[in-house]
Structure formats: C-alpha cells, structure tokens
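Both of the next two complexes hold chain A, though its partner changes from chain B to chain C.
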Partner chain A sequence: MSAPNPKFDFDIAVVGSGPAGLAAAALAASKGASVVLLDEQAEPGGQIYRAVTETPVRDRKVLGPDYWHGAELLGPLRDSGAVHWPGTTVWSVARPREDAGDGHRPIQIGLSRNGSAAMLTVRHVILATGALERPFPIPGWTLPGVLGAGAAQVLLKTSGLVPSGATVMAGSGPLLWLLAWQYLQAGARIDAILDTTPKQNWRAALPLLPGFLRSPYLGKGMKLMLDVRRKLTVIGNVTALRAEGDGALKSVVYTRNGTEHRLPADTLLLHQGVIPNLNLANATGCAQRWDGQQRCWRPTTDDWGATSVEGVSLAGDGAGIGGARAAEEAGRLAALDALHRLGRIGREQRDQSAVPVRTALDRALTGRAFLDTLYTPAEAFRVPADDTIVCRCEEITAGAVREAVRLGCSGPNQAKSFLRCGMGPCQGRLCGPTVTEVIAAERGVSPAEVGYYRLRPPVKPITLAELAALPKTAADIDAVFKH
Partner chain B sequence: MTATASFRPDVIVIGGGLHGCSAALHLSMRGVRVLVLEKDHVARHASGVNAGGVRQLGRHVAEVPLSVASMALWHRIRELVDDDCGFESHGQIKVAESEAELETVRARVAELTALGFTHEEVVGQDELRALVPAIADHCVGALVSRGDGAAIPFRTTFAFRRKAISLGARFQEGGAVTRLVRKNNLWTVETADGGVHEAPVVVNAAGAWADRIAAQVGEPVPLEVIAPMLMITARVAPFIRPVVGATGRTLSFKQFPNGTVLIGGGLLGRAVRDENRTELDFSQVSVNARTVWDLFPCMRGATIVRSWAGIEARMPDQIPVIGPSGTEPDLYHSFGFSAHGFQLGPIVGRITADLITGGSTDLPIAPFSIGRFAA
Partner chain C sequence: MFRRLPEIETAPNAAAQAVAFTIDGRPASARAGDSVAAALLANGVTACRNTPVSGAARGPYCMMGVCFDCLVTIDGTGNRQGCQVRVAPGMAVETQNGKREVER
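Take a look at the complex of A and B:
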C-alpha cells in the first residue's frame, strides 16, 4: 500500500448535493473536517433545487420561492471549504477488508468521473441520495409520450422545456400540484389533471388535519392548489387509468364514477408521489424496514441518521420522505453526529448544536402524516392488474409475478431468479415497490414479510473499461482526478 | 411442502442447495422418504447465484471420473428432472496466451489420456479462432472440452427440488439446524424455528455451514468460507457460444441467450456467513475486468450493471468431502465443493443415494473421504 494521498483521503464524503447534502457538507466542513461533496449533476441542488444556479427559467415566479431557497444553501457550502466534485457518479460504498488501525474502519467509495473510475477512502459517509418517483404502472405506461412528472419537471428546470401538444397529468400528491402550477406559470398547455386520490383517503386523513393546519406549507399549498383548480380542468375520483396508442401515446382512458372516458393526448405525465432512493444504502448493506404509512421501504436510522452500517449515515428523503426543508435539517444532524464520531466535537457540543436544528426539523415535518395519509396511492395503482408491465427492463407483467408466486416464489429476490424481474440495468428502481406489493397481496402477507431486493453494486452502471482501469495507487488516482 | 407430524422420513437432508436437492431426488427415485431442512430457502446461496458452468474441463484428477459420469446425466437432464435447466452444450475452453501455457495444457491432456479420459483436447490458433472469433490476437491456442457447457443454477436447483417433491420428498425451509443427536439408531435434528425431526439417516449437504454440522458429531473440518465474485453486463449482440476460461489467469466468461455476459473467475470478496452477507472487493473485480479487457477487445465498452458474490465452502485441497462420516454411522457428507460443485450436482446426489441404499458406489470416492482431515 502506498502512502495515503491527502486529496483522496477525506474525513467525510457526502453523496448527493440536494438540500440534505448541501447542508451536511457545509456544516461538517465549517467545523474543520475535510469533506468532499459528490454529486452526479453538473450543478448542485439535487432534484428539488435542480439547476438552481443556472436554470434558463429566469422569471422567479415560474418555479416559486421554495425553489429559490436552494440558492441560499450554496453560499455556506462555498464558504465552508468543502471540496465539491460535481459530475461524479458514486456506484459503490463498502467497508474495506482491512482495518486502518486508527480506530476507524475506513470506507471505500467507488466513483466515476469523466469516464474514469477510482476508489476513494474516507472515514465517514453521509448518503443524501434523496427521493425518486414511485413507480406508477398502468397499462400502456411504456408507450413513448408517457413519462414521470418528475422527469418532466427536470426538463423544465434544466432546459426550460415544457411538453407540446395535448398534455394530461395524472396521479396524486403535492408534487403533482406543484408541477401543474409551475407549468401554468411557464405558460404550458395542460388539458386536464386526472386526480387519482382515493375518496376514502380523506376520511382517513381527516383526524390528522389539526397537525397539518399548523404546517408552514399549508398556506402555500392551498394557494397553489386553488390557483391550479381555477385555471385547469381537474377531474377527481379517477379509479382506473390506461394509456393507449399504436407505437406512441394517442389517448388516455380513465374511469370516473363507474363510467369510462377517453381524452386525446400527446403527453401523459404520471405521478404517484415519491419514495426514498435507497439503492445505494441497500447495496451498502444498510438494514431497511417497510414503512406502512408511506408504503415504501426505508433504511433504518437513529435520531442522527446513523444506519446499521458503521460509518454510514443517511440524511433527507433517502431515509424517508419529509420534504426539502426537513432534509436540510436532517443533513445538519447527520453532520453533527459524524463530527462527533470522528472526534471533532464532543457529545455535549453535538447535542447542544442540535437543539435548534431539531426544532426546525419538527416544524418542517408538521403535517406530514396528513399528507402521507391523504396521498397514499390507491391499491389498484400499487398492485396492478395481470396485464400491466411491472418490470420495464425485462418486460415482466404483474400476472407473471403472480404466476411465480403460485410456483413458490416468496419474495422479490426469488422473483429475480424466477423471472429476471428487477435484473435489468435499472436494478429494480422502476419495479421494486410494485413487485413487493404484488407478491405481498398474492401471498396475503404484509410487504414487510415479503422483503425487498438485495441490490448490488455497481448501483449505477459503469463500463468494463472504467473498471479494468481502476487506479491502484495514489499516483494513478491523481492522474485520473487532476482538476 | 411442509413436513407434517405423520411424515416419518427415512433420511433427513440438511441443506437445500443443489447437492441436497439432488440427494433428495435420487433417494426419492428409489422410494426412500426424504425430508430436506433448509435454513433459508432452496438455492439461496451458492446454488442460486453461481456462474452455472457445467465443466469437465481442467478438473482435479480425483474429480474427473465423477465429472465425466455427471456430464452423462447433464446431457439427459430433462429425463432426470423434467426440465432442461437451461443447459446448453457449446463447449468450454481454456485459452492459452503463450507457448508456455500451451505446453502446460498439452501435458494436462497427456496425463488424462494416460488415465483413460479423452474429453479434453488441445487446439491451435486457427481452431481457437473458429470457436471464439472474438478472442484477442495474442492467444495461441486452447484446451477444449466440447461436451461441456452451462446451465441456469437457480432453475436447475428448483427443477431438482420440484422433481423430488413430485416423488414424495418434503422440504422444510426457514429454520437452521441447531442440534443433531443420534440415539438408539435414530437421529434427532432440531431447527432454530422449533422443529424437531427424526430419521435413521442424515445427509450433511449444508454447504458453507457444513463444518458446523460435522463439528456436532465430533468431526471438525478445515472448511473455509469464501465469496467468489461475479459481474454481469448489459445486453450486447450475440458473439460467443462456448464458456471461456484462461490457462494463466482466473476467468469464467460466457454470454447468455438474452445477450448479457457473465464474468467470473473465482476472485474473492468477503463472506459474512452469520449474516448471509458478502462484501465485494472492487480491486479484485477490477483484476477480472482487466482480464476480459485483454482477452475480448470487443467487450471494452460493455456496461457492468451488477456484481455480486455467493457464499461457498472451500477445502484446503480444493476438492469436496463426499462419503460416510468417520465418527458416526448413518451420516453422510456432501459438501466443500470449493467453488466448482455445480456440475457435480447430478452425480453426487446419485452417489449419496447409492451409499445410503446399497452401502457402496461404483465411482471412486476415496479421495473425498472426510477422514483425510482427521487428526
């Protein structure tokens, strides 16, 4: 082993530069830890503040004030001295096989940048991998013209692009309303919003309303919804949905109060809320549990975001959906705890510094239970009918998954072996939650019992060439990462 | 699928991997009542995630007779288990990258010929290129076993299990064996989920956990738990049919009918067997990638989508333990396959059944005796 290279040997690596990652990196570096912030995108911001430094959408009204709050997190990061490596894909986080002998078991991060891969050694990792859209499998969702509302929002933020032609939005959840509102501000055409929020969710959510009434987002959310309802056609109580077309989307068919309707459409934007993007944490070996309320798997963490894997913490929506402001505070808590674990601050200082952060976190989470309950996706969309494709990579239908269960397939990992379901390049990102729910429903047990995919590095595809050329020495690494 | 109180097995098989399932099948074919106890689920470990090579090529000399006999079963696998197990026979090849390596494989063939085996042959550069057009220019020849091939591990193990069940075998999953005692010619086997099972005969096919079963009967073995790593690429256009290895370095390389390419070679990650978990070592994965880079220039732009490691057992002399216990009657071992037990699955199940039902087998199993580790 060659001597450690200071440029490639950090105290803390933060993965993801959304609100949690930005806040965590800035705080940790400001207390003197050497911190590297790794992010896939060219600019910081994550998905929520995507392209906040360079969006072509200059009219601040279009994306709203919550979006522009992201810019306020960038100054502290710059001032903190944290090293920021944009355009860096993290594909593996693992404990190395040997102990460093300094009391810490170092962690190896596999990453790629500019087409070259390298292993980075750090003492602590904060995963701030955020959320991804919950898969929304309906018949025809693989047709060109059908896409996730979140993907469409990325196009708006990064390129100022809006869909052309007849556009229908369908689904449920706060982000659906936000995107509709942003499109309105941008002058885009939205022909209709098909709201799939189940009627009975209101009954379940009502007892939680008092909490929500204290939420800081209530006013903003209401204004946004009213705005959208005033200007766009909103069709509620939609219970069945399918996309039709020959080679490309032609129409959206939906059922309302027992009657089927058809809308011509060139673009269908689907959205059924967001779930933690836990792929990296899962592949790292972090324990996870089924969250019955948010109906998703989430890595288990303590109050500080520490996972079951020593030296690995989680902050933000990757640990459970709480929204951007909650993520930011969770990032600060994870940073304080990492500083403490590294011996940079004492326990008392950590706890003291956390007091105002926890207050802000609690405030940001106020009303969350109401939203989670109200926007729980209807069962028909979580557990689709037999002819609906669930795994897009391998084109596996819900019916095929049910058939495998009848043959003895008891969980998602066996489904991989039975069907190749979840074995494609996305490694289950687009089918995991659906496969869990379909198997659970078919077996008549809870998703917790059914379990989830064991994911495998590289969590993001890398080329054989990158892997073959993995630098072995500090000097090799230097040559790759000169910047 | 669960054992009921009224089911009195003649044999309890510990371990629901391919070897446990194969023993259960061959015993069931002879009318023996079998109960298989599996701590997780069938094919959870090595039997579900290995590279699937069905290879006589390059085996330890002691294994060759078994391997050749097993290959005969592989070529009739559908008759045995009512499923083709995804078995395809396009040959296996060990590429020689230098004259010196070619010399080594020539000596190997001479040794086998002297023993009466003819399944391996040496081919020169032209024949190698005809078999593997994508091979790098510098390769000078190869060792070939044309009857070899590959199958799909999980599907194979499940096919053995299904057929065994259809013949009356029972499977109990989800409870590890915690205790094993023999009294009055009857074994009592307890599992972590509270199960208590009795049978006159026990088969230890517990894979990477088999040493713990052996230790229970006073027969400790130096079993090493290993985690051979594999990786798989995104789909590429079909370009290769045989399974390719190398003479001078460690490689197992093959393309599936769906276009994905499996790259392995036994490079090791780290196994944490008490947690059913493995950790990958990317510096080693990188060595494997480098080998493919050198031998298959067309693969340099391929995308790696997944890598993993299974938990397996390795014995110090690289060959398995097969045969009766040295300390207890009515106990038979079948473990320690040292990362190349998949091809032997069909025959070792038959051997175990031979031993249990007839007291002997016609294949030479003396080298695999557990007694070789006795103090």
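Take a look at the complex of A and C:
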C-alpha cells in the first residue's frame, strides 16, 4: 500500500459492533467522518444483541424486550454511511514509530477477512471489544457438556438451541438469572440452579442498596428473579462445585452447608459474571489497572474513553463492565471526543452534545456498585484448589502455578516461561484473571502488584500464509513485528 | 445435549433453511446461520477434539471465539474455530485428534 488507497484509509475505525461500537460508529459517521466498523462476528449486535437481525427465535417474549432494543441501533448506523465490515478480526492496532515522511503517523490496523490479511490506516481507533465471561475454573470444567451460560445464550440467540437432557446451571450474577428466565419462556429444561453467591456478600452490598433502588433495572431484575425462583429449583449457599464424567459430563457434585450432593447432568452451564475483553487494548499498549471492586483488570481511560495511547479510545464493557445501555452511551462519548480530536467539531460542541449522553450514562450506571458487590465471586471459585485446571490451552493446574511461585515465579509473565501457562491460542483470555489471583494469594500480595500478562499482537492467531500475503511496506512490518 | 425450539422446527421456511453437511464422513443436517460448533451440538456431538497435551476430549465452551476448545478440521483445513465459522452446504467437518496435522 504505497499510495493511499481510499478503500483502506479512514478517519476512524471502530472495533466491535455491540451497543458501544454501533452507537459510536453511527454518531461519528453522521458528523461527516469516514468510519469503518469492524467485527469478527457475521452479524452486528455484539454479545447482548447477537443475531438480532436474523435470529430464528421469533417469539419475542423468549429473548425479552431488552434484546430487541438492539434492532433500534441498526437504522442509525445504516443512515450514517459508516462502512461496515462484519466477519473481520482485528489482530493488531499500532502507530508506526516513524512518520511516512509527511509529518503524519496514521494508526495501522491489522485485520483478517475471508482468510486473508490486510492493513488499514486510520487517524483514530475506538475499541469497543466488549466483555467475556469470567473464567469459572472448577474440577472438570473442561469436560464436553460443560459450557458458559453466555455460550448457551449465544446458542439460543443464533440457532434457537436449548439443552435437552438433564441440565444444571451454576454460579452467580444477572446473566445466569436472565438465561434461566429466557429458558423458562422457551419451555427449556432446567433441573436445578446452584447459586454460589457468597452469603456474606449481602452484608457488604446492603449499604449500596439505596443506589440500586433508584436503578432503572431494579423492577425488571426483581420480576425476573422472582419468576425463576417460583418455577425452578434454586439451591443457595453452594460453596464447592465439581463436574464429573469420563470424556463427557455425567454429574455435578456440589457442597452445601458442609454436605456433598450429586446431580446427574448432561449439560452444566457455568457463570460468574463478565470481565472486560482487554486483549487488543493491552497489546496496543493501553495502560490498565486492577479494579478491586469488579475484581478484574480494566484499561485506564479518562471520562471520554481516551486511553494512555494517543489516538486510541475505549468504549463499553471492554473498558469496565457497565452493561449494554451504559456501553451505548459510552460509545457516543468516545465518538464525540474522537470527532473533536480530528478537528471535526469544536470543544464546546463536544461538551454540549455530551450533556444528555452523560445523564443517560449516569442513569445506566446507577446501582451498578450494588450488583458488583453482591455478585463478587467467592474466593474458592476465583482461586481454585490445586487439582483444578486453570489454563485450558496448556492444561496447567492451580497447583502447578503455586509450585512455580514457590520456585520464584512472581507474576503471570514469569508463569508463561515457567509453565507455558497463557501461551496457548486463547492467549490468556481464560487463565489470565485466575493466574493473577492464584499468584497474588500464594505470595500474599495484591493482584495489582502481581500484574497481568503483557500481550503482543497478533491478538488472535493468524496463519503464516495470511501474514505472508500482506503487501509489505517498512511501516507495515514495523507495526507487526517491532511493536 | 441440545435441541431446536419447536417454533423453529415447524416454521414455514424450516426446510429451506436446512443445510446438509458431514461430520467425520457421516451425513448431518443443520440450519442456515448455525456456526459449525452449534451444528455439531445440534447433532448430538459434544466433543470436537482431543487435546494435544493429555488427549482429553474437549467441546465448545465459550461460543464467542475466546476459548479455542471448538477446534475442528473444516474442508481439510485444521484448527478452525467451529464457533466462528458458519456451516455451509456440503461442508466436511472432522473432529480433531491431538495437534493439527502437517499440511492441514
């Protein structure tokens, strides 16, 4: 790409077409910026609005009204003129060290589309990469038949699939209740819900209750939980969990009030909340910090979503979990700020346009602290026992991580070289938070001190053939290899 | 084990949406829009592969491209994320044993 190619050159790239990305792209493009919206999924919607344009689940009461709100974000996107590339995985975001000779150093984005790689140049990037389910490492969680509750929800939204054999749901958090409710509406089988919310969380959460009582979600959430509790077997105070089977799940073993119980199960759906999907931000060099309340790493941003890397902002759950409505508003704020930085709107116009957006954002975040505190997963499930696999890719147990700490391993990056932990294709997405917590507990220091994996592009494995087929300028090579 | 909601089985366009493909050479049917991972689950196949490290069976866990436990061989290309690829008519899906083979 020696001469600028308009097809591969934009003012703004938005990565992720969930609520945050959809709102950001639509707003930025409506103000005249050239915008490309990239997402690895085949359809827009992100996790919450997955398959909203084409879900086979037509009975609207099954997925609920919140789901269908997603469709309202698509019209503005279409009208805005933003270019939308679904089926596109972004594996690198970098600014070359040297300018192209004209004083400009546009950001380069490495992407993979239909099996071939390409580079885009843009002046600003909004990362709206959303959330992923917090890892829930219990003995046996790698058995076929054990899935995330979010995964099961994806199966429902995209394919209209529900469990058919003996089904157990386990864990804690709003998404678990939402899925149970959706299954009820759909007439799906659930044999039991094992609630792992620690009893003592209530004590910590109670002082935050007044905030939650003002939350717009209170009524909805209560109705949903009461519905589920009335119609399903909910077993509370579960303190230990194990999945058993030989090559496939056969039963779930749980401890309640010190006694062990066993339930037959063909499907076990695990959930203990969601955490920011920060691999791309981390590999781009964005500073991040440990969030003690949500117990996860989150990239550091200002109140427009701007990160420590010039020209890169973040919006939505990828910057810290706030839910879909908050993500949408955060997307608008990031777009306004990007427009301002690109000289499309003045500071005053940015600030004025942001006033109603901030009001809506505040409203969407009301009561969040209560939920975060109530649904903080128990230590036993964040810091698992020795025989539990923490790194699914390399099959490394918590015991092996502890042993490495005793041999002098001080943090996740050292754990990589000691154990290959976090070196597999998932690149730490499913072991990172657990490895941080296990090392912190073993060393008796805070997770903040232990740190997190330092990630490198590509953030998703791409084939050598794809890389080799890239048109290579010095800047391209720099973006990929010298980052 | 997963099943399709009845409203989808009986929808007027159900036949038109059916996609014929194969799993380890056996004929199977899925629905247009299904990912390969969903198509396997809909056909009662919960394990996609055996791990290269211990040989343990694995199946789809996250359905959003994060865990890489849904790796299968699709039309001769190994290590593809089943949850990120849509099933297509005539597609040959093979469960995957151990490491990706050379040339695949």
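Assume the second predicted complex is superposed on the first by the 465 of 483 C-alpha atoms of A that agree within 3 Å, B and C clash if a C-alpha of one lies under 4 Å from a C-alpha of the other, contacts with A are read in each partner's own complex, and residues count from 1 in each chain.
We take it that a contact is a pair of C-beta atoms (placed from the backbone, for glycine too) under 8 Å apart; a residue touches a chain by one contact, two chains touch by 3 or more.
Computed from a prediction, not measured in an experiment: that's the story for all the values here.
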item	value
Partner with the higher number of touched chain A residues, chain C or chain B	C
Which superposed partner A:Val15 touches (first chain B, second chain C, both, neither)	neither
First, second, both or neither for A:Leu74, with chain B first and chain C second	neither
Which superposed partner A:Ser417 touches (first chain B, second chain C, both, neither)	first
Contacts of A:Pro458 with chain B and chain C, given as first, second, both or neither	first
Chain B versus chain C as contact partner of A:Val312, first or second or both or neither	neither
Partner chain(s) touched by A:Pro425 [first = chain B, second = chain C, both, neither]	both
Chain B versus chain C as contact partner of A:Ala468, first or second or both or neither	first
Shared chain A surface residues [contacts with chain B and with chain C]	424-425
Footprint of chain B on chain A - complex, ascending	92, 94-95, 97, 108, 110, 119, 285, 408, 410, 414, 417-418, 420, 423-425, 427, 456-458, 461-465, 467-468, 470, 472
Chain B - residues contacting chain A, complex	1, 41, 43, 48, 154-155, 158, 233-234, 258, 270, 277, 279-283, 285-286, 289-290, 292-293, 299-308
Residue ranges of chain C in contact with chain A within the complex	1-8, 11, 17, 31, 33-35, 38, 41-42, 46-48, 51, 53-54, 56-69, 83-84, 86
Chain A to chain C touching residues, read off their complex	40, 42, 47, 51, 54, 56-59, 62, 132-133, 141-148, 150-152, 154-155, 158-165, 186-187, 247-248, 266-267, 277, 392-395, 424-426, 429-430, 460
